[in-house]
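Shared chain: chain A. Partners: chain B in the first complex, chain C in the second.
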Partner chain A sequence: MDQKVTAPTIEKKTLIGQRVKKPDAPDKAIGKTRYINDMVLPQMLIGKVLFAGRPHARIVSIDTAAAERLPGVHAVLTGKDAAGLRFGFVRDNAALKDKVRCEHDEIAAVAAESEEIARQAIGLIEVVYEDLPGVFTPEDGAREDAPQIHDNFPGNKSLYFEFSHGEVAAAEADSDFVVDNVFRPHHVTHCCMGTSCAIADFDHNGKLTIWTQTQYPYNYKMDLAPALGLQPGDIRVIQPPVGGAFGSKLDVYPYEPIAALLAKRTGRPVKVIYSREEEFKASPTRQPAIIHMRTGCTRDGTLTFRTADVLLDNGAYTSWGPTIPVIMMRTVSGHYRVPVVDFKAQAIYTNNPYAGSFRGYGNVQTTWATAQQMDMLADMVDMEPLAFHLKNSQVSGEITPQKSFLRECVLVECLETAAGASDYSRKRKEYAAARAEPGRYKKGIGLASSIHNAGGAKIHKSDGIGTILKVDDYARVTVITGASEIGQGIDAVITLIVAEELGVPLEHVLIVNNDSDIAPWDVGVHASRTTFIAGNGTRRAARKAKAQILAAAEKMLGEPADTLELRGGSVVRDACGTPLIKLDRLLRQMHFQAEPELVMVTDYYEPKSEPEGAKHVSDHSAAYSHAVHVAEITVDTLTGEITVDKITMAQDVGRVINRMGLEAQIEGGLAIGLGYALSENMLLDRGLLKNPCFRDYKLLTAPEMPPLDLHFIESDCAEGPYGAKGISELPTIVIAPAIANALYNATGVRVFDPPMSPEKVARAIDAQRQAAGG
Partner chain B sequence: MQEIKSYLAPRSLDEAVKAMAAGDVTVFCGGTDLTPQTDSGAKRYGATLMNIRRIEGLSGIAEAGDSIRIGAATTVTEVRRDPLIARAAPILAEAAEHFASDQIRNAASLGGNICNASPAGDMINPLLVLDAAVELASWADGALRTRSVPLENFFTGPRRHVKRPDELLTAIVFRKPATDFVGWFRKSGPRPALEISTVSVGIGGNLSDGVFRNVRVAMGSVAPTPLRAHGVEAALEGRPLDADSIRAAVAAADADATPIDDVRASAWYRKHLVKVFTEEVLNHVLGN
Partner chain C sequence: MSLETEINFTLNGRPVTVRVPVAMKTLTMLREVLGLTGTKYACGEGECGACTVKVDGRTLNSCLMHAVDCDGRELVTIEGLKSPAGMNPTQKAFVDHGAVQCGFCMPGMIIQADYLTDDDPQLTREQAQRGLEGNLCRCTGYTKVLDAVEAAVEAKRCGR
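Coming up: the complex of A and B.
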């Protein structure tokens, strides 16, 4: 009968590396998506926060009587209502404070019928403060006579990290050149389009449901519970669509327990949502740092040692910010082959805003230093700068002093590709020679690279993910996964992988990943890990489902399972593509047979990485990757304006999965890195933020995005899904020092404290002119 | 936020100024200054909010004899695209070109830019160079009253001006520049697009036989009000426009500008830019 039904064969086609659109893109494009900020629940009250507006003070008294009397007000809470409910890594934070330690400290909160009433009520709360002398730099905070910010952290000392390997003194004695600089990366913030928002509601069993923007729903429960006196198990986390996170939602911040405390007090759902000004003041920042770095090399261009002495401005409380040394030290010890390393980092409490995690976590700050020092050394040794980089590049199979195992390492290819495509070596020489010539506009080219974890980072006990996958009677696939979608595009990756493995159309894959009561564990969206970890989890689950389906097909069709494949919605002969049965039909037959079966599989994937450990000597990621950026710029030497003419980038992506998502992540990452490099800056004056608005906080806009020449190097990672590595932080990490190096190439001026704003560049060039006597 | 009790959108000028005479009215044109200022609490709405964009004759650009008249509600986009402006007063089109973004330009009015009285107002600068005057209308003793105030005398301090609360700014008028008029405008900020001026410099005058006459120089963001830089004008007036006079003009710019440090820039940088731009604009005018 086969001869009669000559169904067309279905060819093998792969989706890996294709351009696949995000499933939520159409709704977002037309404005249909309902973000958390848009959500309204029946009976919902609006919560508002009274911020201290001063950096350091004792609270003498709070009078809430007038606010409580205002019609429409349902609750007014103060520090007393959060007494004993401390939270944070070191339990130094509380939803509502008993003392003021920074400008945005939450002093009181109101729940009312409307935003207007809540705002009015906030205005009626009378607080008497006694201002205290403040601490606004970590250097000042470390002084013996410095005012104490927390009673139980003497000397304002927060976290401390160290790592060393080899003998620095001996290595230094062997060095012909040593560069020694102090770098001061600054305060910037995430600027998510959707401002911070949470909605909390309790049921009568005392169980909390919280709708929030969190990017780590499972540990979030553990971190939120102590702020409320709840058990983590009594918290259900729902993640509606969010307008960005970028690391800013990797911890619990006070507005979340405030929403919950107000909900508990009123017995009604309460929504707290920040205005843009509140967002600027109260959301976490990127961790600023003072990095004293020294790097040495021999005359023949071999790196001998690198030391970094780091002081971190902890701000008033401890979130992810002061933990960045965990990644900083990997860069200090692993950015190029560095045989001898000494790293120390001390965080000091101040009365400034405090830092969370932010895309590029720790590595943005460190690469700002290491990549500039590589450029400085390249000018000292007697060799071509590119040759200097190549000479110190690691190769596949190398192990860094911290035991990062660089199984597939293509730094050399990245360097050669980016330098070759941009004609780096020739232009660098030409522009340097043209520096002294007259002319207002100077061209410059700069190269920078870095290394970053690309297979998660095992800083928790687990870096794994749970996946549940079911295929229904109509061959529609539901993936219930711990992987959160915060705009980064894991939804498209999961869809693509399921379609690849099960041969179903992309539109037939549904993802359920926004309810902690339903989806299984995942550590969260961070460390460039989700495509790597969730990609592996999804593929493993899909393959289990496929094995079950093909085993059933073998029974029904009498052809060996290992000769069959799923393609185009059918079971086909793998060799020739002849379709044998439609997949949905097969699934129904499996379901309705004498021994019925449904396709429902589970998977738990834990990457083969080692826990970070207290000594920081472990292979803490399942993969590592490199990127090289070459920036070409024009500097207006009078106004100091830098125009970025072009960026050439080569990055080890392992394998391209969704090409469109990859490009978008690289472009978005670069935009954040460019703003960091050129214009973004939180202007703090004695702890008070002077530019809490987009008028004065300069995000780059679309016209400033330069032309990009992107090269994806595929190293085929043995551990990664289809060979892929994590990709999304490197673009943010590498671009700023590439521009700094280009600025030097163009003008002979170096900026150590970003951003390289027009004023700063103009001042540096002016100082250089004065020094030259003209 | 104070509650707005009523909203008016008059069709005629009489209706508008009568309402203003009657009391606490906030004029709303494009709203691009008003909205952020009331949101932040820097400004409060009056009891009546009055949208002036439907008032007949309040927008548009027209020749009137040897003058050009621009209605107060005319948007920056309209100025940017207008053929008469492009021909007769390109310095104004240049300022419109570097004004904010498309979205803001489509809403922002010239009248709003002037009444907001910011020293950084970008349309004010070229209008000072063009020696424009503003028309103010009010209602008194049962009749429409108008007066004309030279723009140079309009500003009295940061965000302060001579317009009374009951007066509506109806138009901006300037003489069509002669054919030997040359002028240019330059502004700067830390990013190219969507920028509030760190500093702006506009220079114009009649250049014939190599001699610069009727020179007018305006500077933005270097003083409490938009500034006419009389020192620079004196350095250039009646002299050949050459390397010597440009040097003198730059030195005078340094003296005329009295900027302050704020979040956008330091006084040092503003002075530095004023000098750079003065030289740049004069070189541009010279065709260098």
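Coming up: the complex of A and C.
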């Protein structure tokens, strides 16, 4: 012991808020990471899908004989092979269809020895269709004489949601101003750089192993099972590295059961992988909507009520898209202090592609409306928008009409920070004054904000996570966790937290989170929940391990555990940092003593949130957070082109955990929001996608990314790990309406149906000129 | 079935002889014939840059280039950037500056960034933005990518 006492002291250093590198980054940077798209298994066959290519039709006949005869083909499956195996949110979907309800409906599938043979075989399948009249807007689908898309969903009615609070008529009578608009958020899609892919294989007991890109491995088993007639317990989910997800992998999509059905039929592993064109056509979309919104206020700028009547274009099947009202209504009722609320949303089946969940989940669409109406109302009341926002801002401790409890609310700070840093109020006045002056290029500045769940969202019975943590004889820590890494950076957060709690180097933390047979339950990567939920789970598990280690140290060293600490790979005296014993040595002594013990702990963390419930009156998230964006733009009034010059952002992050990962998530989220605002658009012509490629579906490119000024407001969330809140959706949610408000500031026009493409903006400016008699 | 031909070229510093179908694209040859899966497919149409490789010192989209056109040339893929000493300065800068998220675009992005920073030791952030226009990334918003490129310029300047 003597030499230990004289060793240099180890000072307390925290990693919280530092910049930590992603543990998966080096292998990705050298091209070594084996993504699912890169995987090849011995004996593996390639599966390919025949898509309908028409929006609505009866299948008269399918002839697969020629395809089956082709050498190298091992199986050809059609709708009858999936008969009765319905899956999906309301069991309206099947891996292979008996009727065509949208362009990408899967009609047949083959498994063959190569991609080329599979493709040839697909070309040999002959299908006779009888086309049916289609439905391509929710308004048309809701008409009495509309063609029926599913026999068992009369009136093409899919999901319906409502929430109301207070008397709208009375509130309206008390209002001096009311804005009333219809917003039409459009079809966009995730565009993961790694296209959709699944590999399925059965063992001789009939147990399925599926390698997939899923971001919710545990519920995934439950959702996949009915598509195959299996028990969820007979499915093992393995998650190799993926090329993005963003919500697109939060459900089962037909290519996954197709891979499994082909594997079952052939007895060999089968891989289905999409081309980019297939990816565009067959992937889920963001849920398009028609939002009729009205908001009122009094002369002094106090909000009086807000109503939203929403029609959702369900598309042909029900995935997560038409469930977004659960989040939409929280924004309608909680974006600023709204005393009276009425919300209704009906999803209507159409023959369009169907929506899944997508980063921002309903709030992108809703904030597009609420944040523009806030700007419009400020104008009507003739108040400076910042002052109008501040007047209606909630503060800590407030409870929204849906009972979201805003424990730590820093909306006011976010507003003041973003507006102050961008010099918003002065510029806004100056640009508005310059509107009437001659000149082709106009500058504008716009402010928008929103609220989002930041501590998960209890839409399932559980929003929890299981964690298993072990520390081996060499003081290497393995964390076996339900939390999935999909590129977003949770592995870095878990690593950081373990290193913080156990005082081990970051490199000595290993994470196992890609196999459902090994790792315990988690709901999945969604609802900005993973840092919050998995962060808490990891921290709790690490603290249990630490307590066990320090108790052993107390016994061995004769010093009270509560005076000891783990730092720099050693047990130290907390007060002075004097190292007493190396951690690995202590662990070995614990292991090899007379009463041996190993450090392996488990934890189940369930956040203190309430289930959503049928009435939607519950504190459904363990935290809520706000963000404020200020966009500065230049508008070419001739071409209608908008250039974003700068974005200033202030967001309540609770507490910064990994600063580098936080920035990265915010920047990436903004880019998706910018694409949504300005250029991304699925061009659908009677249900057929006309632009299934990157040339015609414009993602944001490097030159279009504006300079960013990011401000993180730390509200110190009592329930969050170290005070942190979930952060990753707000950046995608808030930016589009900030640009819309800037467009108004620059030109006096508004666009209600995104994207704000040059053509649309130019037309709006032209219409304004015509109206003014110019 | 399809016509094949034998080609010889240098791949990541080593000579390679391989028989390929004449219609095969370089991307497919790298991934499926030679087992170098670092180079990615994300569109197959020259629109995303995920498949970017260096050919005779310049970058191009391997999904557009026929494999037979590699004959007699020198190819460098993402696997060929690092040396026994470790990652090259561009790769290191991308890791250190948090530019890698899902990483799927990164082989192409890093090859392109490496080319740009080699080609112009004074490369500015604005020039890098334009030079990376053909490389799509859905995760990062490019901000950290550009931070990394600036750091790579600096690292290469010091390393010279």
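One rule holds for everything that comes next: the second predicted complex is superposed on the first by the 768 of 774 C-alpha atoms of A that agree within 3 Å, B and C clash if a C-alpha of one lies under 4 Å from a C-alpha of the other, contacts with A are read in each partner's own complex, and residues count from 1 in each chain.
The rule is simple: a residue touches a chain if its C-beta (ideal position, glycine included) is under 8 Å from a C-beta of that chain, and two chains touch if they have at least 3 such contacts.
Quick caveat: nothing in here was measured; it's all calculated off a predicted structure.
*Asks:* Pick one for A:Asp574: touches chain B only (first), chain C only (second), both, or neither.
*Replies:* A:Asp574 contacts neither chain B nor chain C.
*Asks:* Output check: A:Gly194 vs chain B and chain C. Expected answer is one of first, second, both, neither. What do you get?
*Replies:* After superposing on A, A:Gly194 lies in contact with chain C but is clear of chain B.
*Asks:* Figure out whether A:Asp234 sits in contact with chain B (first) or chain C (second), or with both, or with neither.
*Replies:* neither
*Asks:* Taking the superposition as given, does A:Glu559 touch the first partner, chain B, the second, chain C, both, or neither?
*Replies:* Neither partner.
*Asks:* Between chain B and chain C, whom does A:Asp716 touch in the aligned arrangement: first, second, both, or neither?
*Replies:* A:Asp716 contacts neither chain B nor chain C.
*Asks:* Tell me which partner A:Leu678 touches in the superposition: chain B (first), chain C (second), both or neither.
*Replies:* first
*Asks:* Per the contact definition in the header, classify A:Leu638: touching chain B only (first), chain C only (second), both, or neither.
*Replies:* first
*Asks:* State whether A:Gly244 touches chain B only (first), chain C only (second), both chains, or neither.
*Replies:* In the superposition, A:Gly244 contacts chain C only.
*Asks:* Given the touch rule stated above, what does A:Pro703 touch, chain B (first), chain C (second), both, or neither?
*Replies:* A:Pro703 sits against chain B and chain C alike.
*Asks:* In this superposed model, does chain C or chain B come into contact with more residues of chain A?
*Replies:* C
*Asks:* Can you give me the overlap between the chain B contact set and the chain C contact set on chain A?
*Replies:* 693, 695, 700-703
*Asks:* Which chain B residues qualify as touching chain A in the complex?
*Replies:* 1, 36, 40, 101, 188, 190-194, 196, 198, 263-266, 268-269, 272-273, 276, 280
*Asks:* Provide the residue numbers of chain C that touch chain A in the complex, in ascending order.
*Replies:* On the chain C side, the touching residues are 31, 36-45, 47-48, 50, 77-79, 81-82, 87, 91-92, 94-98, 100-107, 110, 128-130, 132-146.
*Asks:* Report the residues of chain A in contact with chain C in the complex, numbered from low to high.
*Replies:* 19, 21-22, 24-26, 28-35, 37-38, 190-195, 241-246, 275-276, 486-489, 660-661, 663-664, 667-672, 693-695, 699-703, 705, 708
*Asks:* Of all residues in chain A, which touch chain B in the complex?
*Replies:* So the residues of chain A touching chain B come out as 116, 119, 277, 638-639, 641, 643, 678-679, 683, 690-691, 693, 695-696, 698, 700-704, 757-759, 762-763, 766.
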